Structures are given as structure tokens and as C-alpha cells.
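Scrolling down, you'll hit the structures one after another.
Paired with subunit B in one complex and with subunit C in the other, subunit A is shared by the two complexes that follow.
== the complex of A and B ==
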């Protein structure tokens, strides 16, 4: 045991017992961030704020929400929206944050791709981040079910049915997931458990891991410059704060982030108060009706690109059924970005505008994803189906073929 | 400056996705329709003309396919559309020939009793009590016949004249009701005099007994709640649910959330002309005048979006709070970074 002496102050009392100063230095005071970063690096803190908002508003909604197929719809649309004081506020904060968090996740991830932050020692940051994206997807999907509206119901029907494509065990698996032959009350209650208990716990744990993975390789910067953090930190601690290339997380980095988050919140509450319905499909304000299929079934905007890849392969190829190819392609799309560090065969860590081939590739990918997203909502008929097909093939080709080729070329040119 | 450029790129990409997923996809999934027109003669003939044009285009497309059964189907659709146009043009020309300004309320009052309107309808404000309660009435007719005290408020004169002369045509339910399955309300064949004059008299009478003002709730109940529930404001259809369901072919949906699930624009067009938005639906065209229709939609907003005002005022306050916080945050950032640059 440590040698405990009579405390000289409250802080000292805690320091001797739980090393408060040390902890603070590790977490914030001497957690070094490159000085050369811009607002795009604030997305992590914005995400943390949004997740906190989701967590708190979710707990408040939980007080009134009823996970029962007969009561769920009215508990949200009547009790929470009309009877509970400021219930509308919590509900809209929850719904808007759920949608906006995906926008920020995408920005966060594509900033990582643009600046090459997924490679050369930073692979674990990237992989734990992609893991978070995957669990967030499950969290979003299970949450979307809970109001038990028409689209909730039919989206659940369609997505759970996908597991039926797995050979041999598909049918049994679908039944096991649903807890019934069709989506019904048992499905709602288990998705409720997943959404409010299991998945949030896993998310919080993986967020912890994601933060931890930053400690050794540190955050990348605008130039992809390799900084000797120990040397620069020493400079900073000696008082040469101007010439040091690093700043502490607190107050240097957070003072900037505070400002960005405050600005972001103006936009966020504009959405909550005046444009909440951008995140809510109107059809979901009809109660779930198992006997009536909606004319168009599509997921929320942030899953549209994956949905379009599912639908993109609309014809059988040889012995392979269209539906199976689509399901395989979508399953791959869901996890495809995990392997970014593998597709990129070059060591260069630099922003895309300094890597010509990669720069073109990056924007082609973005354009392809926008096309997939928009056509994921449109009916897949005639001409649209072909656009879906080519952009789905395009997505796979960009990742699996084009990126390795251009990065191998880059590597050879650098030799 | 560089930071601003990066920000603009983020905004541009986000904007492109938003535009594609929201306004653009919406315009494809819900093609534009002519806005609600309260001149029903014009509304009906315009829609019938549009349908003829659509059927012509469909026939052309079918002819290129060369499949005989498809061509036959398209030809039939076109014939039907043309017949509809003919039917509505004739009908409204006939209604337009009625001179409503010559209507005499006093002789209208006599006609109401003589023509047998009160055998099914009550007119409580004029002392005609209902012959049976709503539940039995809905069992007898499918849906309880409306009380006629307020119809002069809810409908304009021309629509009322059309409704009296040929209810199935005015309500656009001729695809469901015909000689073998007659519409519960029979057309008015006159009490012996000049038919069109008598209709003008009846319209004048209903206008004369109509209240000057009605609450949004009352307008909604009179216009919608003979079939529909709106449980979030405790409005329930005044009849036997099963009879109504049999009569309409399905249980009419609860309207509590319709302001959100259908949008104001859709509701406005739909109430005005059900067949335009949902061809073949068994729901009759409601035919309200512009003022009454506004009241119905306003009441639906109260049911489904009652916190709109609170949301908007609170929202402004929250945004102002963060605007002020941003200024302080900026000042703090400057203070911290003055030592870092």
C-alpha cells in the first residue's frame, strides 16, 4: 500500500488515495493533441455530445414508453407527445439525434479516410470506430422498431427476413430472431431489450476502447505529419507553448470544441423545433398494420446506400439467385470499411489532395455513395434498377479493385 | 480560410444527400397533382381530363409492347376515362344550369317535409328530431344519415345542389354504387314542380337555417366523425362500427395522427377529391367549402400536433441560448489559444 501521510488539502487527500492528478493528466491535462487540426477533428466530441443527448433523452422516454404491441404506438404518440410535459422535446431530441449522429459518424469516418487516419499504427482506432458504427446501426434499427408504426413494422419484417438467406439454418434463425413466425409482440419486447440495455452497454464499452486506442498512436493531423509527441510535450511543459506542435486535450483542444459544439447545437435545435420530420418517415405515424403493406418500403436515410446494394443485384447470375447475391453484397458492404487498412497498400499518410490517385478515388466513392443513397429510396424499376446495379458494382470495385491498384502504384512510385 | 473551404464542402455534400433523399425522391414517389379546387365542376372535369391524358399515354406505351392483352386493357381504361369525362361534363353542365339566386327559402322549407327528406335526416335546429338513434340508423343505412342543420355552413350552394340532384355523382362513389347496389341516399326527383327550381329552393332553405359560425371540433364531427374516430381528442364515430365497416369495405382509420402521417397538403387535396389521391377508394369526396375544410385540418392538427406552438417558441429560446453560449465559447477559445499560437 502507498504511504499515506496527513493530507494538506482535499485534493491531496484524494491524490494520495486515487491519484486524481495523475488520472486528470492522463485523460485531459497531458493528453496531447496535434495543434495542426481543424473543425473536422471536433466531430468526435460532437458525437460524444450527441450520444449523451441520446442516452439522457432515451432514459426520460423510457419512463413512459410501453414495450407492448398494443400500447407502444399510443404511448409514444399520445402519452409522450401530448400528456407528458416537454415529452415532445425529449422525443424529438432522441429522434433527431439518432438521425444526425449518423451524419456526423459518416463525416467522422470519411475525414479519417481522406486524411489516411486508418493506417500506419492507427489501424485499431479505425477498427474500433467501425465496430462502433456497426453496433450503432443495430442500435438504430432496434430503436426504429419501438414506436411500432407502419414503417417500423415493415422494415423489421424485411430486415429480419434477410437472415432467411443464410443456408440451412436461415428459416430457423429468422424465427429465433423474431420470437414468432412473423414480427409481433415478442419481436418488439426483445428489440426493446436490445435497444435500451444490451446494445447501449456494448456501445459504451466500445467507446471506451475507441478512446483508449487513441493513446498510443495519437490523433492524426491536417498534414499527416509524424509528430514526436514526447518531445513536443516536453517543449510544451517547459513553457514553450508557441513552438510546441502539440496542445493538451484540456483546455487547448476542448476550448475549440466547445465553440464548435455550441454552434452545432443551434443547428441541432433548429432541426428539433422546426424540421424534426426530416428524420421521421410520415408513414411511421400510421400504427403498424400486419395486413397492409406500405406502397414503398425503405429504411432511414443513413441505411439507404446499403439497402440499394441489397436491391442492386436484381437478376440471377448462373446458379446464384438475385436475392442471395444482393444479401451477400449488402452483408459485405456493412463490414467492408473495416478492411480499409488492407485495401490501401501504400504507407503514405497524407491528406487526399496530396495523393492524386487517391484523391480521385475518394471523390468517386463519395459520389457513388450519394447515388446509392438517393436511388435506395426511389422505386427500383426500369432505369433506376440499372443505376442501382452499376453503382453497387461500382462500390465493390472501388474498394476491392481500384483502391489496391492505385495504392500499389503509389507505393512503387515512391520507391 | 482553409477551414471555411472544408466546411463548405461538408455542407455541399450533406446538402446534395438531403436534396436527393427528401425533395427529389418525394417528387418522384408522390407526383405533383393539381391543388385542391373548391370549384368542384372544374375540379372534376380537370381530373377526368388528366385521367384521359394518362390513359392515352398508357395506351401508347402499351402499343409499343405489342402484347395484345395489355393493349386491350389500356384501351378499356381509356374508354372508361373518356366515359367518366363525358359523365362529369354533362353532370356539372346540368348543375350549372340551376339558378341558385332564384331559390326561395320558404318554399324550400315546405319541400323538405313534402319531399320526405326528414324520413331519414333530422334537422334538429328546425325541430325535426331523428327517427332513430345513430346506432340503429347506421345499422339500417350503413352509416348514420347526417343532420341537415349545418350543411348550409359546410358546403357551398353549388355542391349542395349537386348533392341533392345526384348524391353518388357529387360524392364520387359511382364506381361502388349502381342500380344493383343503390347508394343509400336516393337522388331527388322533385315534388312535382320544376326540378331545378325546387333544388334551388332547398339550397336556399339550408343556407337560411345554417349557423354563421361553427367550432373546428363541430365541423370535424359533422364532416368526418360519422365514419372516422379520432381517439386522441375523444371523437368516436357515431354508429355501429361493424355496419360502417361493411358499408365502406374496411374499418375507416383513426385520424388522430393523420396530420403527420399524411401531411397538410395531402389532406387538403384528399378531402377535396378523394378519387384524385386514392383512385377507387370507397371514401366519398367530402366536398366541404374552403373555410370548413380549413377548420377540419386545423382540428386534425390540434389532435396530432398539439404542441406545435410550444415547440416553436421553446425552440427559439434554446437556439438563442446556444447562440449566446457560442459567443462566450469563442471568447474563451481566443483566451486559451492566445498562449498557443
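== the complex of A and C ==
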């Protein structure tokens, strides 16, 4: 055991017992951040703040929500919205944050792609981030069905039915996931468990892993410059803070982050206060009805691109059924970005505007994703179906064919 | 001596691994089973429909296992289809599960052009429940049934059902 002496201060008392100063230095005081990064690097902290908001507003909603197919709708739309003081505020914070967190996740991920932050030593940061995206998708979906409105119900019906596409065991698997022959009370209660217990625990653990993966390769910077963090940190600690290329996370970087978080929070509470409706589908204010499908069903905006890939393939190709191609393409789209470090065959770490081919590819991908998102909301008939088809094929081709080709070319040109 | 000790440790390790593997397997089976449909859910799996009051050409929707069931009594304008029709008495009926075989939405019956149209992804089925347009990979499913006089018992596999499924 450590040799404990009479403490000279409260801080010293804790230092002797749980090494508080050392822990602080590892987490913030001597965690080094490059100087040349901009506001786009603040998205991680914005996401942390949003997740905290979701967690706290979720706890407050949880106290009045009833996970029962007969009670759920009224517990949300009557009890929480009309009876509980400030219940409406928690609900709108929760719903808006759930929607906006995906916007920030997408920005965070595409900043990573633009600056090549997924490769050359930073693969684990990327993979753990993609894992978080996947679990957040499951978390968003399981939460979306809890108010038990019409859109909730049919989203659950369609998403669980997707597992029916698995050969041989599909039908039985769907019944097992639902706990009934159709989406009903057992389905609601198990998704409730996933949403409020299992998935949040997993998310918090993976966030921990995601933070840890930054420790060794450190965050990338605006130039993709390879910085010797130990050397620069030494400079900083010796007092040469001007010439050092790094600053500590606290107070240097975080103070800047707080500024961006404050700006973001103004935007966020503007949405919560005046434009919360964008996160509330009108159809979901009808109670779930198992006997009638709404005429046009679609997911929240952040899943539209995947949804469009699902229905983009509307004709059979040889022995393959349209539905199976769509389901396979969507399943792949969901996990496709995990493999970014594999598609990119060049080991140049530089911002996209310094890599010509990659730059064009990046913006083509963004445009394709926007087209998929827009057409995901439109009815899939006539001309729309063909746009859906070509943009779905485009997405797959951009990742699987175009990116490897241009990056192999880039690698050869650099030799 | 040390070698002997190492063997003892290996044995303890393997013994622990075996116990943990058996326990883990049982735990997984238990977890799998607790997500299975409850006995009360399974027991409520039968529905009886009396077909005698139906008029020729009439469309009717009933519920079985929380799924919609479409029933159409064919009139003289609708061609008989031996591989899809349920024959009760001298009348031909179409009996299908009313869930689109693509992703499980409920198609709506359009009486004017005698089609089932699914709003979700544009799938269309004709009056016999055959997929004629869009992403649905197969015709509407026929639920297991038994014929009891003029009554249809859904949830039980009668000889007529087995014959129909064998030809379909």
C-alpha cells in the first residue's frame, strides 16, 4: 500500500488515495491536441453534450412512460405532454437531440473522411466510431417505436420483417424477435428494455473505447501533418508554448470547444423551442393500428439514404429477387463505411482538397447521399424509382470500385 | 516439480473452461427461450370464420394471429384458379394473409380494378393474390386452414390446405 501521510490539502488527501492529479493529466491536462485544427474537430464534444442531454431527458421521460401496448400512447401524448410539468420540454429535447445527434454524427464522420482520419494508425478510431453509429441507429430505432403511434408501429413491423429475408430461419427469427406473430406488446416491452438499458450501457462502453483509441495515434489535423506528440509536449511543458505544435486538451482546446458548444446550444434550443415539429411525424400522433398501414411510410430523415438503397432495386436480376437484392444492398450500406481504411489504398494522409481524385470522389459521395436522402422521402414510383436505382448503384460503385481505383492510382503516382 | 504443478494448473484451467462452456450454453438456451412467444400468445392462434353470409364478389378482412386475413368470394366474372382457390361447398374463395410479402405492410383492396395495392413500396397483387408488379418476391401467403361445413378454421392444417399448398 502507498505510504499515506497527513494531508496538506483536500486535493492532497485525494491525490494520496486515488491519484487525482495523475488521472486529470492523463484525461485532460496533458492530453495533447494539435494547434492547427478548426471548429470541425469540436463535433466530438458536441456529440458528448448531446448524448448527455439525451440521457438526462430520457431519465425524466422514463419516470412517466408506460411500456405497455395499451398505455404507451397515452402515457406519452397525454401524461408526459399535458400533465407532467415540463414533460413537453423533456420530450422535445429528447426528440430533437435524437434527430440532431445524427446530423452531428454525419458531420463528424465525413470530416474524418475528408481529412483521411480513418487511416495510417487511426483505423481503430474510425472502426469504434462506426460501431457507435451502428449502435446509435439501433438505439434510435428502438426509441422511435416506444410512443406506439402509427409510424412507430409500422416502422417496427417493416424493420423486424427485414430479418425474414434470411434464408431458412427467417420466418421463425421474425417471430422470435417480435415475441408474437405480429408486432405487439411483447415486442414493445423488449425494445423498451433495449432502448433504456442494454443499448445505453453498450453505447457508454463504446464511447469509452472510442475516446481511448485517440490516446495513441492522437487526433489528426488540418494538414494531415505527422506530429511527434511526445517531442512537442515536452516543448510545451518546458514553457515553450509558442513553438510547440500542441496544446493540452484542458484548458486550451476545451475552452474553444465550449465556445462552439455554446453556439450549438443556441441553435439546438431554438429548434427545441420553435421547430420541434421536424422531429415529430404527424402520423405518429395516431395510435398504432395493426389493421391499417399508413399510405406512405418512411423512416426519420437520417435513415432515408439507407431506406432508398433498400427499395432502389425494384426489379429481379436473373435468379435474384428484387427484395433480396435491396435487403442485401441495405445491409451492406449499413456497415459499408466500416471498411473505409480498406477501400482507400493510398497511405497519403492529407485533406481532400490536396488529393484531386479523392476530392472529386468525396463530393460525389456527398451528392449521391443527398439524392438518396431526398428520394427516400418521395413515393417510389415511375421516374423516382429509376433515380433511386441509379443512386443506389452509384453509392455501391463509389465505395467498392471508384475509391480503390483512384487511391491505387494516387499511390502509384506518388512513387 | 514445477512441471507437475503446471499440469495441475492446466487441468484446473480446462476444468473451469468446461464448466463455463456448459453453463454458458444453458444460459444462451434460457435467454433464447425467454424471447420466444408466450404460451398464451400461441394458444390464441385460432380463428373461425363463417363464410355463408358472404355475397359473390365480396371482400372481407378478418384477423388471425394479429395478422389481417383477406377473404374474397369469387363471382362469375372471376376465373377459377385451382392452385389458389379455397373451395367451400360449390363456391370458390381466395383466402390469404394480408401482408405484403416484401416487408409486411397491409396492401389495400381496390374493388374497381380488382387488385391489392401496397402503398409502402408500390407492390401489386391480383385478385388471386399473385404478385404482378413491384418488389414482392412471391404471392400472398395462404394461412393454414381447415374447412368445417361452411366455416373456415384458421390456424389448423386441414386436408384441403395440404392439397392446396402441394399444388401451389
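Everything below uses one rule, namely that the second predicted complex is superposed on the first by the 415 of 415 C-alpha atoms of A that agree within 3 Å, B and C clash if a C-alpha of one lies under 4 Å from a C-alpha of the other, contacts with A are read in each partner's own complex, and residues count from 1 in each chain.
Basically, contacts are C-beta pairs under 8 Å (C-beta built on N, C-alpha and C of every residue); 3 or more make two chains touch, one makes a residue touch a chain.
Keep in mind that this is a model prediction, so the values were computed, not measured.
By the document's definition of touching, of the two partners only subunit C reaches A:190; subunit B does not. In the overlay built on the shared chain, the residue A:176 is in contact with subunit C alone; subunit B does not reach it.
Touch criterion not met for A:210: it reaches neither subunit B nor subunit C.
With both structures placed on the common chain, the touch criterion links A:122 to neither subunit B nor subunit C.
When the two complexes are overlaid on their common chain A, residue A:296 makes contact with subunit B and with subunit C alike. In the superposition on chain A, A:251 contacts subunit B only, with no contact to subunit C. Which of subunit B and subunit C touches more residues of subunit A: that partner is B. In the superposed model, A:273 lies in contact with subunit B only, and not with subunit C.
Applying the stated contact rule after C-alpha superposition, one finds that A:374 touches subunit B and leaves subunit C untouched. Subunit A uses residues 296, 379 to touch subunit B in one structure and subunit C in the other.
Interface residues of subunit A, counted against subunit B in their complex, comprise 35, 38-40, 77-78, 81-82, 86, 88-89, 92, 103, 107, 241-242, 247, 251-252, 255-256, 258-259, 261-263, 265-266, 269-270, 272-274, 277-278, 280, 282-287, 296, 301, 304, 366, 370, 373-374, 377-379. Across the interface of their complex, subunit A is touched by residues 2-3, 6-7, 10, 13-14, 16-18, 20-22, 24-25, 28-29, 232, 253-254, 256-258, 260-263, 304, 306-307, 310-312, 314-316, 318-319, 322-323, 325-326, 329-330, 332-333, 335-337, 339-341 of subunit B.
Residues of subunit C touching subunit A in their complex: 32, 35-38, 41, 45, 61, 63, 65-68, 101-106, 108, 118-122, 134-137. Interface residues of subunit A, counted against subunit C in their complex, comprise 154, 157-158, 161-162, 164, 175-182, 184, 186, 190, 290-297, 311, 313-314, 321-324, 326, 379-381, 385.
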